[in-house]
Each structure stands twice: as C-alpha cells, then as structure tokens.
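Note that chain A is present in both complexes that follow, paired respectively with chain B and with chain C.
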Partner chain A sequence: MNTLSAKSLFSGKAVKYLSVGYITVRNNFVYLRSFFIRSWFLLVILFIFVQLWRVTYQGEGNEVIEGYTYEQMIWYLIFAEAIILSSPRLPVKIEEEVKKGDVGYQLTRPMSYLLYHYFSYLGEAYVRLIVNIILGSALGLVLFGWPRLGLGLFGFLIVSIGSFTVNYLMTMMLSLTSFWVEETRGLVFVYQKMLFIIGGLMLPLEIFPGYLQAISEWLPFQTVAYFAAKAGVHFEWMMIAKMLLIQLLWIAILSFLLRVVYQKGVRKLNVNGG
Partner chain B sequence: MSTVAKYIRFALACWKLNLAGAMEFRLSFFMTAGMMIINNFVWIFFWQIYFHRFKLVNGWDVSDVMMLWAVVAGGFGLANVFFGNADYIGNIIVTGQLDTYLAQPKPVLLNLLISRMSVSALGDVIFALLVFGCFGKHTWSGMLKFSIALFLSMLIFVFFSVCVQSLAFYVGHSEGFIGQELLVTFATYPTDIFRGMTKVVLFTVLPAGFISYMPIGLLREVEPLFFGAAIGVVMLLVFGGTALFYRGLRRYGSGNMMGMRM
Partner chain C sequence: MTLAIKVKGLSKSFAVKHKKTGFLESLKSLFNPTFSEVTAVHPIDFQVEQGEIVAFLGPNGAGKSTTIKMLTGILHPTQGSAEVLGFNPWQERAKLAFHIGSVFGQKSQLWYHLPPIDTFELMSRIFELPRADYLKRRDELIERFELGALMNIPVRKLSLGQRMRCEMAAALLHRPQIVFLDEPTIGLDVVVKHKIRDLIKEMNKEEGTTLFITSHDAGDIEQLCKRAIVINHGQIILDDTVSNMKRQFLKHKTIHLKLQEVPGQFNVPGVKLVKQKGAGIRLSVDTSQISIENVLSYIVQNYQLVDVTIEDPSMEEIITHIYEQRREEVD
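The block that comes next holds the complex of A and B.
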C-alpha cells in the first residue's frame, strides 16, 4: 500500500513538472518565427568559421587535424554553437524575481522552485535547439551534402540533456547569488566566457596545448558544448557512456551545491508588501 | 570665436556631461567596461591557442591578428564613446525623438551623434591600448600609424551607421538593417580568409575589409593603394552619410512628441 502511494506520488510530481516543460514548449512555439529571424547571427558566425577552417586545412595540407576532418570540424561547430545559443537567458529572469520579490509567489506554489525552473529551462532550450539545428544543418547540407555522422545526431541529442542540465545548474547557482549581491551579470558573464574558452565552444579541446587540455578535463565546462558536439561528430558507444557518466557526476555535485546555495539564500529572503 | 572652435567646445562639453552621467553609477560603469575587456580577451585567448597550433593563417601571424583586434576594438570603442548615438539614429527618427534635436541651435547630426556615450565601449578603448602595449610597435611611426588606423576605423564605424540608419527617413524602420555589430563580426577576422564575392562585399557595401586589412596595409607596411582607398572610402562615408542624413531630414515629419534632454 505504501509502495503504491509512493509510486503515485512520484508519478504525480513527474506529471506536474513535465507539464511545466510542456507549457513552456507550447509558449515558445508561438515565437518560433521570431527565433528563426533572431538566429541569423548563428549563420554569420558559422559562415566565418567555415572560411577560417577552409584556409587552415588548406594551409596544413592534411585532411585530418587532431582527429577532425574539415567536414567534422564544421559540424562540431554547428553542434557546439547550437547548444550555447539555445541555452535560455535564465539569469535575467532569476535576478528580476529575486529583486522584485516575485520569488515569494513562486515559493508558495506546491512545487520545487529549482525543479520548476529546470523544466521550464529545458522546454525553452529544446525549442531553440530545434531552430538552431535546422539552420546550422541547412548550412552543413549546402556545404557538404548529406552528413556522414552515423548515429551522431542521436548521440548529440542524448548528451545534450546532460549539457543543458549542467549549464542550468551552474547558471542557476550563479543567478541565485542575487540573494546576496545586487548584480549577478558579471559572474554569469565570466562563466559564459569560460564555456567559450575552456568549454570547447570555439575550438575542440584536442586543439588545445596539453596542459590546458588536462585542466579542462577536471572542470565541468567541457560537459556542456564540447561533449555534445563531440558526440555529434564522433559517435562511439563507449565514449558516449563515459561522457554521460562524467555528466552525471557533475550533475550530482552541482545539484548538491545548488541546493545549499538555494537554502541559504531563501533564509535571507525578506519580501515586503503583497 | 570661429564656428569650428564653437562646435569643438560644444562637443567637449557634451562628452564631459556624458562621462559624468556614466560615472553616477560607478559600480555599473566599471563592471560594464570590465566585462567588455574580458569579452575581448576571450578572443585573444582563442587566437593564441589557434596560433599555438597553426602558426600562420594565409600569411597573417599572431601579432597581425592581435593588432587587428586592437584596431577594431579601438575604432569601435572610440566611435561609441564619442558618437554613441550613431547606431540609434533610425530608432530616434521613427519614434519622433528627433524633434528635441531640431529645436536646439546646434548642427543636428553632430548634436545627435555626441549625445550618447556607451560605457562598455570605454572597455574596448582600454583593451585596444593594452593590446597595442603588448603587441604594437612602440616607435613614433608605430604609434602614429596606430593612431591613424584607430581614427579611420572610428570614422568608418560612425559614418557607416549614419548611412544605414538614415535610411529610416526613406523606408521607415531600419533597425533591422545591418549595423555596427555585423561590421565588427566580419572585421575581427583576417581579411585573407575570405575570397570571391565575400571579399568584394567586404570592400564595398560592408566596408569591414578596410578596417581588418589595416594591420597589413598600414601597420606592418604602408601600402599606398590600400591606404589611399581607405581614405577615399572614409571620405565617401563621411560626405555621403552626412548628405543622406540632411537630405532625409527634409522628409522628416514631426511626431509631436514632447521630449527633453537632461
């Protein structure tokens, strides 16, 4: 009897949070056209990188650089850019909620504040991801024809769940510092730049000097863009399993830290007025 | 006092007030400028890693690309510190906010351009000087050439925006048109990675090539053909942009919007 009620309680909660994600997806689908228009920047950046890497491969005279062919390098960038550009602007939302006291309303709802935002984040991220992948793939198809990535897209999608989750946990943790400090933009900005540099957004980590590769491997940044993009272009079951395991480990550590930050922050909260 | 001297005094007073306004929110001021410096250093880091592995990109070495960043960031920074409204002209026109400037006894375009200062752009200027300090040629001629490159680059940014944004007089909303962001995006990569039609575009309708080629055609060695063409393009943009703006101004209909500049 107890097991049964625990099961129904769990499925009830799951349905509740899945509904949050579903509603966000529906809301964001309304703005699909606007997402397409705003994503023109992705194409510009990719176009420039296509030129840069074309010249680089010609200059090197090799078909393969650090395990990547020219085609794989461009697809790597398409996947990596798609992940980063699809990540919703969570800090703006959270900072507003904390500063204006709207967080008070959220806390009275019969759902976890962190999980509510997590499912809402995933919903928005995947709608944006569809747009960015369609646009990026259009460029890839024009340049190279049908991609020879095997199960790459499948690998990318599987790993992308962990990528968005790690990115959410990190961003949320930094955003919640608004309980203590007035401006969180600076912190989040520096974090985003870390993703750009040692997270492998601009270059695969294999291109990095050895010492930098070693440092990156011990940090969570690689699990966001680099893992997903590499899974997209170099699909191997063992590698995907290893990536998922590392992501799980970071998710566990970051979830714990986020919970600590959240609980300490909420204790500091004072909301005036009604 | 001559007219030019009066305008210079007016511009100096306006810039002083803009800076004082920005400094009112000191923490935000330093944070915004600092973030822009960090943002630019990310790209410096990218290129350092790139050149650590590849050495050359179509004849450009690491110091050329570093100076490219100094010229682009410096030119963009100066443009937005001193003429920060250039990229907002279209919006000001279509929302009827131009009335405020028309009512003042000052040249409209100058008054409009200098009435806004971008705080983050100050970070770009500081960044450009830092990069020049690390990678530039610290001789008199080196500093002179760098100053000329910054000046030309600044004028290209400002008057390219004036040209594009003035189209709002003729076609209405022009905010969606190409702006400085696109110019910066293309100008921050070595010109020689592009070829064919893209290269033609970069030396014509989107004059990013005239900025991005400066490390080779001016700083490394003065190439008379390039230098002459760059000055020609700058003059074309300055005179063409000004003419386009004032010709368009004749078509401007007031929005009856009450406004005040403080």
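The block that comes next holds the complex of A and C.
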C-alpha cells in the first residue's frame, strides 16, 4: 500500500501528486470570487475582536499582555483566522465518497487515496489562504499601517504547511469514521471547537491559565492555528525550528494512525453499494 | 488466444450485523452483536479472452459490482481465485491499475470547472506516461473522438454527449488492455448513443481492447457485445453468445399501431392481440413464427395505417425471463 510514506512522497511519484495539487489550485481559481465573498465573514469576526481587545488593552492599562501588543494581538487573530477559514471542508466530500462508494473507484487508479486528497486539500487551502490573507492584511493595514512583523509573513507561510497537514490528517481521520458511523459532523464539530479554544484560535495560548497551557502543549491542536499565527507575529528562527519539529512529530503520529484507520475502513468498503 | 480474465470459484460473503427492533435489543446488540453471513457472490467461474466484448448483466444487487470490485482489486474475495491480465487483482492492485481503465456513465472523472485538456494532463501524470508517448496518444484520441474543439472548453459547458466522449478518451490515455464500462450510454440521446457505441467498437477492433460492459440498455448489448454473462443472486445464470440469447429471449416484439378505423379480427399466426383501445392496438409478435416484415406488410395491405412503432422487450424483461426460467429449472 502506498499511503503517506516518506518514500512515495520523495520518489519520482511526487510529480503525480504535485499535479493533483496543481489542478486543484486551477479548479479553485474558479471559486475565487465566492471565496472573496465568503471571506467577508473573516472581517466581521475580526472587527468584533478588534473592539474587544481595544477595550481590554485600555482597561488593563498595559502596552503588552502576555507578550503581545495590541497590534500583534490583532495580527495574531488575522493569521489564526486565515488558517482556520482556509481549511477546506473535507468531511462533506469524504462522507459523500464513502457513502456513494466512490472511494472504491478512486482505488482503480495507480494512486494513493490519502495522498491524492492531501494534495488536493493543500491546493484548495492555499488558494483560500491567499484570499484570506489579502483581506485580513487590508484590515491590518487600515488599523495599524505598514505591519512591523519582520519576517513574520515568511514564518507564517513556512509553519502553515505543517498546520494544514496536521489539520488534514485529523480531519481526514474523523471523516473516515463515516465507514462506521452514519454521521461524522458531530465529531468534526467537536474537533473544530477544540481548535478554536485549546488550539488558540480565539486567544493565544499564553493567555490561558497555566494548567490549560500545559494540557494544550501535549495536544496536536496547538500546531494548527496557534503555531502559524505566533510564527507570524513573533518571528524567531529557534522558535520556528521548534514548531516545525513538533509539527513533524505530530504528522508522524497522525499519519500512522490515519493509515490504520484507512486500512481498516477500506476493508469495510464492501458494505456500501456492493 | 490469451486470457484477459480468468475467474475460478470466486465468491464473496459479508458479515452483516443484525439490527433488532426495540431499545433493549439494540442496547444488547451494542455489547453483544450478532452477525449473519450474507453471500453476495456464490462461487463463480468464467473466462474472458483478450479482445472480447462481454456484457455483464444482472438486476441491481445481483452481485455485478461486487464482482467488478474483486476483479479490479478493491475487494478481497472470501474464496476462489482470479487472474486479470496475469495479475492477482487484490494482491497486485497498484500494478494492475496501470493496465485497466474504467468509464462510469454516472460518475465523472473530468474536472468540472476546467477544460478536459487539464484532466488529460493529470491522467498522464497519474499513469506515469512518458511525455512524448502521452502527447502522441492524446492527439490520436482527440482526432478519433473528434475532441479538437472541446479540449479547451470548461467541462461544465459541454453537453452530456460531448462530455462522455471526453470521459472515454481520458480513460484510454494509458492504453488500458481491459476497460470496464458501467452504463456508458446512460442518459444520452439516440444519435450520441450510436456515436459512443461506434467508438467503443472501433477501440476494440483497432487496439484489441477487452471490454467488460454492464448496462441496462438492450441496444448497448445487442450492438456491442458478442457474449453476455448474466448474474443474479450472486450466481451466473447464463453465459452465452448474445445472438443465442436473442434467439431465445428476444423472440417477441411489440407493435403499436394506430389505424384510420377500428379494425376487425386479427387472424395471423404468431401475432397476438395484447390490447385494443378503439383504433389503437398493441400486438405481440412471435418472431420465430413470423417475421416483422410479413406482419407489417399484412397490416399495410389490410388497413389504413396512421402510425406504427416496434419495440423490443427491455433488457430487464429478458433478464427477468432468463431468471425465471432458471428458477423453474431449479425447482
């Protein structure tokens, strides 16, 4: 089985999957306008947070809260929201494929199902990310002028690859439970809320009480929005290296688990549409 | 002749969890589930030679797609063996995938918002085709399927017929030795159906491609296939040439007539009056007793004709007929 293994990723077959990514990017450019429209939601959320944080910073009377200035806090939220809102809606797609039995037909091609979806996920995610970053940055520029983030955008983009990968692995795993349960949305809903809270979408993890921070550090959720957003506002080579390492670790663990779930699931394939 | 598909004693059964009614029962089954075995495919045997066009028929739930899934390596059989192009499908699925193609009338492999050329490009990568080979093959297929004008139009703007032609060409890029076609002409108008069938025949003739077709369209089977395998309840109930099958089961044709005036009695041997409503009548003709030509000339000579249509029994009727006959034999 050629699933998510380093061997197939870096062999000549890489071209195959890069083409999958490339065609998804092209396909998603068609949706560019609707992405822009949908992304206005990002501005609405951000607008609310801007108000909340302004009051908070004024009330505290401090320039810096847990290491973030007001400006950095807003940029943190812009980056974090951009990652979450750019993540494709995989569960709907997979649930449909499993229920209709399309998974089977995909298997008649010399291609790994999981890698195919991974690259197609990345393709879509980055088209959306461009849109979200453009809109978010426009807001940042209006509020604070030219951002003082140093290499932040670079850090954000580097870490975002790991963020999307972890998010893909987790979401795919949850989506594949549709082999066993009729409805996966509940699980996905809980997972997304975990990303929102202990994944650091609403607040940087530094703001949490000590014990919650300690728990979050041992969970994969922080590697999605929190890592990328923090890399965007606090660029530091050492920190980025550490983040990438932790992401890699989670990617290794999660790909292994995903492979187990997938292989068990495919054996159940027969029932649907046999 | 070499064999493309060799199937021996292939069977598949699934364990199906029992779901009982009632809250207590469902609670019980949560901790102590009971399973029963359901046989989707009983041990079946058949062989397909390279270059053959075979119709694989059966009603829904007969075991068709389970069999195809085993032949393409998606499913492991419970028992038995199969060889497809010399490969064991479920053990060498990835290798086999390079040599087989599939066209599913109800599923599209083309990217909806992009022109077909992009999907072609992707296919060339997925099947790891050498660049020069791919370009040559692509141009050849574009010419044969007359796709030149369609290649750069987004798929969503193509008509179903145009799309089908592109689907077929895309499935043939890697020169598959066996193509599995599932309802290739579903939803197409008559002219396009003919065109698609011609293309399928041509592909078989020129490249010696083995074709394994499932369809509910009698026309597909009559015009394309030399041989039909009929499966029902997981068992092969008929494996014969289509001409034999037709001789046995397509003996009846239905004629709908609309005449100028209400006719008198029909006294032609082999022709049965099925229904009459004023000047509109339906006749059932046993073609083993009298040819359609003779019936029609009789009608033209004796009545003033307004309208006439001739119908074959549907494939479903034939299958039902075949199945019922077999069951009688068993009983």
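The definition used in the following text is that the second predicted complex is superposed on the first by the 258 of 274 C-alpha atoms of A that agree within 3 Å, B and C clash if a C-alpha of one lies under 4 Å from a C-alpha of the other, contacts with A are read in each partner's own complex, and residues count from 1 in each chain.
One rule holds for everything that comes next: a residue touches a chain if its C-beta (ideal position, glycine included) is under 8 Å from a C-beta of that chain, and two chains touch if they have at least 3 such contacts.
On a predicted model such as this, the values are computed, not experimentally measured, just so you know.
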Which of chain B and chain C A:185 touches, first, second, both or neither: first
First (chain B), second (chain C), both or neither touched by A:26: second
Which superposed partner A:197 touches (first chain B, second chain C, both, neither): first
Chain B versus chain C as contact partner of A:15, first or second or both or neither: second
Which superposed partner A:62 touches (first chain B, second chain C, both, neither): neither
Touching partner for A:110 - first (chain B), second (chain C), both, neither: second
Which superposed partner A:207 touches (first chain B, second chain C, both, neither): first
Which superposed partner A:102 touches (first chain B, second chain C, both, neither): second
On chain A, positions contacted by chain B and by chain C: none
Residue ranges of chain C in contact with chain A within the complex: 12, 14, 16, 40, 65-66, 69, 72-76, 93-94, 97-98, 100, 102, 104, 107, 111-114, 118-119, 121-122, 125-128, 180
Residue ranges of chain B in contact with chain A within the complex: 27-28, 31, 34-35, 38-39, 42, 45-46, 49-50, 52-54, 56-58, 182, 185-186, 189, 192-195, 198
Contact footprint of chain B on chain A as seen in their complex: 41, 44-45, 48, 51-52, 54-56, 59-60, 66, 182-183, 185-186, 189-190, 193, 196-197, 202-203, 207-209, 212
Chain A - residues contacting chain C, complex: 2, 12-13, 15-16, 19-20, 23, 26-27, 30, 101-102, 104-105, 107-111, 267, 269-271, 273-274
